[in-house]
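The following block contains the structure, expressed as C-alpha cells.
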Amino acid sequence: MIAVLEPGCPMHQKAEVVRLIENEGLRAQVSELEHETLVGVIGQAGESLAARLEALPGVREVRLSAPPYPLTARAYHPADSRIRVAGVTFGGPEIVVAAGPCAVEDEEQLLSTARCVAAAGARLLRGGAFKPRSSPYSFQGLGEEGLRLLAAAREETGLAVVTEVLAPEDVELVARYADLLQVGARNMQNFRLLSAVGAQPRPVLLKRGLMATLDELLLAAEYVAAAGNPRVILCERGIRTFEPATRGTLDLSAVPVLKELTHLPVIVDPSHAAGRREWVPALARAALAAGADGLIVEVHPEPGRAVSDGRQSLTFAGFEAMMAELRRVAGALDRTLPGPAQAAPGGGA
Amino acid sequence: MIAVLEPGCPMHQKAEVVRLIENEGLRAQVSELEHETLVGVIGQAGESLAARLEALPGVREVRLSAPPYPLTARAYHPADSRIRVAGVTFGGPEIVVAAGPCAVEDEEQLLSTARCVAAAGARLLRGGAFKPRSSPYSFQGLGEEGLRLLAAAREETGLAVVTEVLAPEDVELVARYADLLQVGARNMQNFRLLSAVGAQPRPVLLKRGLMATLDELLLAAEYVAAAGNPRVILCERGIRTFEPATRGTLDLSAVPVLKELTHLPVIVDPSHAAGRREWVPALARAALAAGADGLIVEVHPEPGRAVSDGRQSLTFAGFEAMMAELRRVAGALDRTLPGPAQAAPGGGA
Amino acid sequence: MIAVLEPGCPMHQKAEVVRLIENEGLRAQVSELEHETLVGVIGQAGESLAARLEALPGVREVRLSAPPYPLTARAYHPADSRIRVAGVTFGGPEIVVAAGPCAVEDEEQLLSTARCVAAAGARLLRGGAFKPRSSPYSFQGLGEEGLRLLAAAREETGLAVVTEVLAPEDVELVARYADLLQVGARNMQNFRLLSAVGAQPRPVLLKRGLMATLDELLLAAEYVAAAGNPRVILCERGIRTFEPATRGTLDLSAVPVLKELTHLPVIVDPSHAAGRREWVPALARAALAAGADGLIVEVHPEPGRAVSDGRQSLTFAGFEAMMAELRRVAGALDRTLPGPAQAAPGGGA
Amino acid sequence: MIAVLEPGCPMHQKAEVVRLIENEGLRAQVSELEHETLVGVIGQAGESLAARLEALPGVREVRLSAPPYPLTARAYHPADSRIRVAGVTFGGPEIVVAAGPCAVEDEEQLLSTARCVAAAGARLLRGGAFKPRSSPYSFQGLGEEGLRLLAAAREETGLAVVTEVLAPEDVELVARYADLLQVGARNMQNFRLLSAVGAQPRPVLLKRGLMATLDELLLAAEYVAAAGNPRVILCERGIRTFEPATRGTLDLSAVPVLKELTHLPVIVDPSHAAGRREWVPALARAALAAGADGLIVEVHPEPGRAVSDGRQSLTFAGFEAMMAELRRVAGALDRTLPGPAQAAPGGGA
C-alpha cells in the first residue's frame, strides 16, 4: 500500500501520515520524488488503514495495487534516470562499456588490460577482487590487494572502477576503492547485502539472478532504493534454461521489458551468458540494438591462462575489433560510443 | 558413422561402399556435396564395419564421431548456403523480411496487409491457412481457401508466400500454393512431416521447438535434407523458460551458435517470443545485430480484432516505423534491406 | 463456449441447438455425459450467440468461461474414469504396470522380456515398433514386423500390448495389433495425430510433452476426446529443466494436480525421466505414493546391448525386485498390485 | 587436487604436506575423516605439484580429478552420515518431520501449532523469525522476539527448533536459540553465510536453490564442511521451471541422485514446491517413497490469516491426517515415523 501525497504537501501533514502508520506498528517509507511524495506502508496493514490514510489532509490517494516497487517503477518516474559514475553517465545517449578481466590476478595483467580497453573506448574497468566461487577450493580473489591494483589502474588510465562486493561487512572496504559497487547474480536476493549497498552513497550495479524473474530483479533494486540509494544500474547476464550450448541464455527481451517497467539504466553482460568468446561480439551488438545503455565485458591478455572464465574472455585484438563494430551499430541507433581518442583521458596516456 | 569418399571416386566404387553397408542389414545415405561424397551409415553398425569400409578403394576415411548431421553441419560445407525462394535469396547480404497476419482471415485483411508490408520492404507474405491450435475448439484456419487468398495476394503484390503445413497428407496441397513451406515449432520433431517436406522440392522454413536444443534443431533439419531437400532455413522463435513477462524467451545466442555449427540461413521470429507488439521492434533490431539473415513478423490491419495473436501483431504504422529503423541497423552491419521502392515489384503497385 | 442442456432434453431440442450453432458458420461438438449433455461451440462465436442459445428450450445454461477442456475436466465428470484395456482396468484400485523394452529388437529379446515382466506382475507389454528418433540415421524400429512380434508375445503371455503410433497414416495398422495406442511426448501437440487416434476405438496413452504445461496436456487429451474417443490415459514422463543429472525432471506434482483437474487415469514413466536404471525404483515408488494409477517401465534382457535407452532399462532381476517393493507401497496406499501368480495367465496359466 | 594420506600418517608428515602446498602460495584444507586424512589444495596449482606431493612420505595418492566436494562425497565416506539434532537423528531409520508456520507471528499462533504438530508425530518445530522477502515492504519477521517464542515453544513441547539465518552477522544470535540453522534457497550460494554457519557448531539445514544443480548444492554443502562443520542436512524444495500450476517443480529425482553422490541426509519440503495445501500430502508421501530421510512442512492454525504462505500451509486436521498416511508408507519402506504418543514428550519433558 502506498499513499500518494498532494504536491506541495507541507511537512506537518507528512509527519501526520507517518505517525498514523507507525501507530499501527508499521513502518513508513517516505520517497520524495520529483513531482510527488510517496509514503510506502511496510508491514501487514489492517483493513481500515487505507480509509483512514485517505481521510488525512495532504493525502491525494492510496493505491492498494500499486506497482510493488514504487521507487523503481517508471509509472512513478516517467523520465529515464541518468546515473553518473565518476564522470561517466549511464542512461544517457552514450553507450557505456565496462571491460576487464574476470578476476584481478596481478598488476601486469590488470594494467595491460586497463590500457587496452581504455584505448579502445571503454569507460570503466571491471575486475573481481572478491570472487563468488561455486567451490570453496577455487581461487577466491586477491581481496584488498586486488582493490588496490584496481585503484592504481584507475590512476593511470582514467577509467572508473566497478568491482563486486560479496557481503555487508565488505561494503565499506570495497566502496573505498570502487566507483561502482557490483552485486552479483548469486547475491541478487541477498537482501542484507542489498540493504547494505543501499545505505552507502556509491552507485550500484545489480545483476539479474540466474533464476530471477524481471519482477524479482526490480524488487531487488527496490531494496537498494528503499535503503536510501536510488542510483541503481540493472544488468541482464543470462538466465538458466535447458539449452546446453551456451553457459546461460541471454534474455535480451529483458531490455525492452525493463525499459518499459523502470526508469533505471539497463546494461548487458554478454560474456557470462555466452560462455565462449566467439559469440560475445554478436551478443554485444544485439544488446545495443535491443536498447541497452551499456555493456560489461570480460577481456584478458592471455585468456588461455586466466584463473577463471578464460574461455569467455576476449583477447585485446578481439575487444578492439568488437568496439569498432559496436561504434557503427551505436551510430545507427543515434547513440554514441566514445572513440579511441576520447576514451583515454587518464594520466599521460 | 560416416564414410568420406575420395574426391572423384568413381561410381562403381561408391556402389561397392553402399553394397557393403546394405549387406550388413543397414541403410546407406549418400550425400553428394560440393567437394566430397559422404556415405552415412543408418542403423546399428557392428564393430568391424569401420575397418572394412576403410579398406575399400575410394574411401578416404571413416569418421566414427562425425557431427551427427553431416548434410547440415558447417564442418562439411564451410561456405554459407544461399537459398532462393521465388526470386529472393536467404543467406546472402540482403536481410529478408517475411510479414503478415498470424492467420489468414479474409481477403480484405490479407490484401491490405500484403500491400502494406510489400510497400515497406518485406519480400515474403506470411499467413496461416492451417493453424496448429492448443485447443480443438479454437479457429483452425481457412484451409485451402486461405491458400487461395495467399496466392491471390502474391499475384497482386509480387510477395513470395510462406505458410505452415501441419501434416504429411497436406504437403502436396500446400506446396501447390506456397513458395516456402513452414514447419512450426510444435512439429519440429514430427519426423514424418520432416521427411515429407524433404521429399518435395519447395524450400522449407523450420522453426525451433519451444523445448528443442540447437542440436535437436539441426537433427530435425537433417531429416529434411536426408530425405532429399537440402534447402532448409532455420528460425529461432523463443524457447520456454521460467520468465513470465514474455511469451517465450528469445534465444538470440542461437544465431551465432547456429552460424558456427551450420551453413544454413538463420532467421528470427520476434513476434511469438515477445508476445506483445511493443517489444517486437527492439527484438527485431537485436536479431539483425546478432547476425540473423532475416525476420518473420506478424502484422495485422486491426490487431485488436485479430482471430489470434493480436496482442503481438504490429499495426501497419508500427511495421513501417520498424522497417525504417532496421534499414539503418542493416547498413551498420554491411547488409541491405530493400527500401520501399525496391520492395513492391508486383502488379501495378 | 459450452451449452449445458437440461437432463432428459429431447432429441429435437438438441437438434435445434446444433442447427443454431451451425447456421452461424460454427461447429457444434455434442458430448453425451452420464448426467448431462454438453454442446461445445467450435470457432469464433459472435457476441449474441450465448443469449440466443440460452433462449432455446432444453438449454439449461451457457458457460462462457468453462474449463477449455469440457470432456476431460473433472468439473464436468466428478467421478474417476475407469478405462479398460483388454481386460485390465486403469483408474481403479489396481496399480497397472506396463513393462518391456524401449524398442522391439527381435523375437528372443521380446519374448523373454514378456515372460519375465508377466511373471513379476506386469499387465501390459510395452515395446516400440515405430520409433521417433532425433536423428534420421538412428534405428527407426522394425515397423510392422515389430507389431507382429508384440502380438505373438501377447498370445503367449496374456499381456496386453501398448505401442507407439507416429503418424495418422499408421493408426489403422498399429490399432490392428495393439490394445493401447501410445502418442509420444514429441507428438503431444501433433494435432492431426491426436484427431486420428480420437477417430478410432482403441484407448490411447498420451504422454506429456517435454515442455508442455498440464493445461496443454489436458487440451491435447481433449483433441482425442473431441474426435470421439474419450478413453485417454495420461502419462507424466519428465519435463525439460536446467538440471543435467537426470535425463528429464520427473514432475510428480503433476499427479495430484491432474487428479484434481481431470477424471482421466494418470500413470508415470520413471525410466525416461531418470535416464539411469539405478534411480528408476525410487521414482516408481514415489509415483505410486503420489497417487499414480500405474507405471510404464523399460526392461531389457541385456541393457548393455540394447539398441536404445539401455542405460535406463532395468534388468530382469531389477524389475522383479522393484515390483516386490512396489507391492508393499501399494498396500500401504490401499491399492493392489497383482502378485507373480495372478499376473501370468499366459501359456499354461 | 586432493592428497590422500596414509592411514595413521604421523603429524610431522602431515605438516610437511601442508608446508609444501603453502610454499607454493596455495592453501591447504585438511579434512580428518574416519578412515583417512585428505588434504585439499585450494588455488591454482602448478603442474609439478602433484608429483612433488606424491613423493612425500605419508602421501598415499594424489587425485587430480577427485569429486570436487571431498568432504561431502559418498566416494570418500561410503556409510550414511547420521546427524543428531537435539536428540533426534537424521539419516537413520526414523523419518524425521519438522513442521510449523512459515513465519512466527505471535505466541498463541506458534504454541498452538507446536502442540498440534508434536502430538501428531513431528520432532522439530519450524518457523521463521528472520524472513527473506522478495519485497522490502513485506513483513520481514519478528527477529529476536520470534527466536524467543520458538525457544519457549521448545520448552513446552520438547520439539527441537529449526529456523532460518539470513546473514553472517546473525549466526551467533540465531544459534543461541535454534537447534538447527537453516540456510534458505535464496542464500544457497551466499558463500559468506555458508562459511559462517560452517564456523559454528550447530548442524545446518541447507536448502537447494531454485535454480541450483545438484552439483552446486553439494559444493555449497562443501563450503559449510570446509569451514569446519560437517553436520549438513540437504533439502530439496522445488526448482524453477516453465510449469505454472505449482509454485516450484518438486524434483524428487534429487533424492536418489543425492543419496548416490553424498553420505549426507536428504529431506524434502513439499509445501514450498506445491504452493497449495491440497497437493502437499501426495508430495510428502512421494518424498518418503523416493527415499527421503525427513520432511519440513508448513502448518498454520488459520491458514487463511497467515502473514505469508497461507495458501500452502496445512491446517491442524490436515497435518494429522497426512501423518497417519505417512506412517503407513514409512512402514512399507521399513522405516519408522513416531506415533502420536512417542512424539509428545512435552510438558514434563
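Letters are used for the chains, namely A, B, C and D, taken in the order the chains are written, and counting of residues starts over at 1 for each.
Here is the rule we use: a residue touches a chain if its C-beta (ideal position, glycine included) is under 8 Å from a C-beta of that chain, and two chains touch if they have at least 3 such contacts.
Since we're looking at a predicted model, the values are computed, not measured.
Shared contact partners of chain B and chain C are A, D.
Compared on C-beta pairs in contact, B-D and A-B come out with A-B as the pair having more.
The chain with its Cα centroid farthest from the Cα centroid of chain C is A.
The distance from the centre of chain B to the centre of chain D, with each centre set as the mean of the Cα atoms, comes to 49 Å. One inter-chain figure worth recording: chain A and chain B are separated by 38 Å, centre to centre, where each centre is the mean of the chain's CA atoms.
Annotation for chain D: residues 211, 240-242, 244 touch two or more other chains. Residues 29, 40-44, 68-69, 132-137, 139, 166-169, 186-187, 189-192, 195, 209-211, 216, 219-220, 222-223, 226-227, 240, 307 of chain B are the ones touching chain C in the complex. If you check the complex, the residues on chain D that touch chain B are 211, 240-242, 244. In the complex of the two chains, the chain B residues touching chain A come out as 211, 213-215, 239, 241-246, 249-257, 260, 273-274, 278-279, 282-283, 285-291, 328-329, 331-333.
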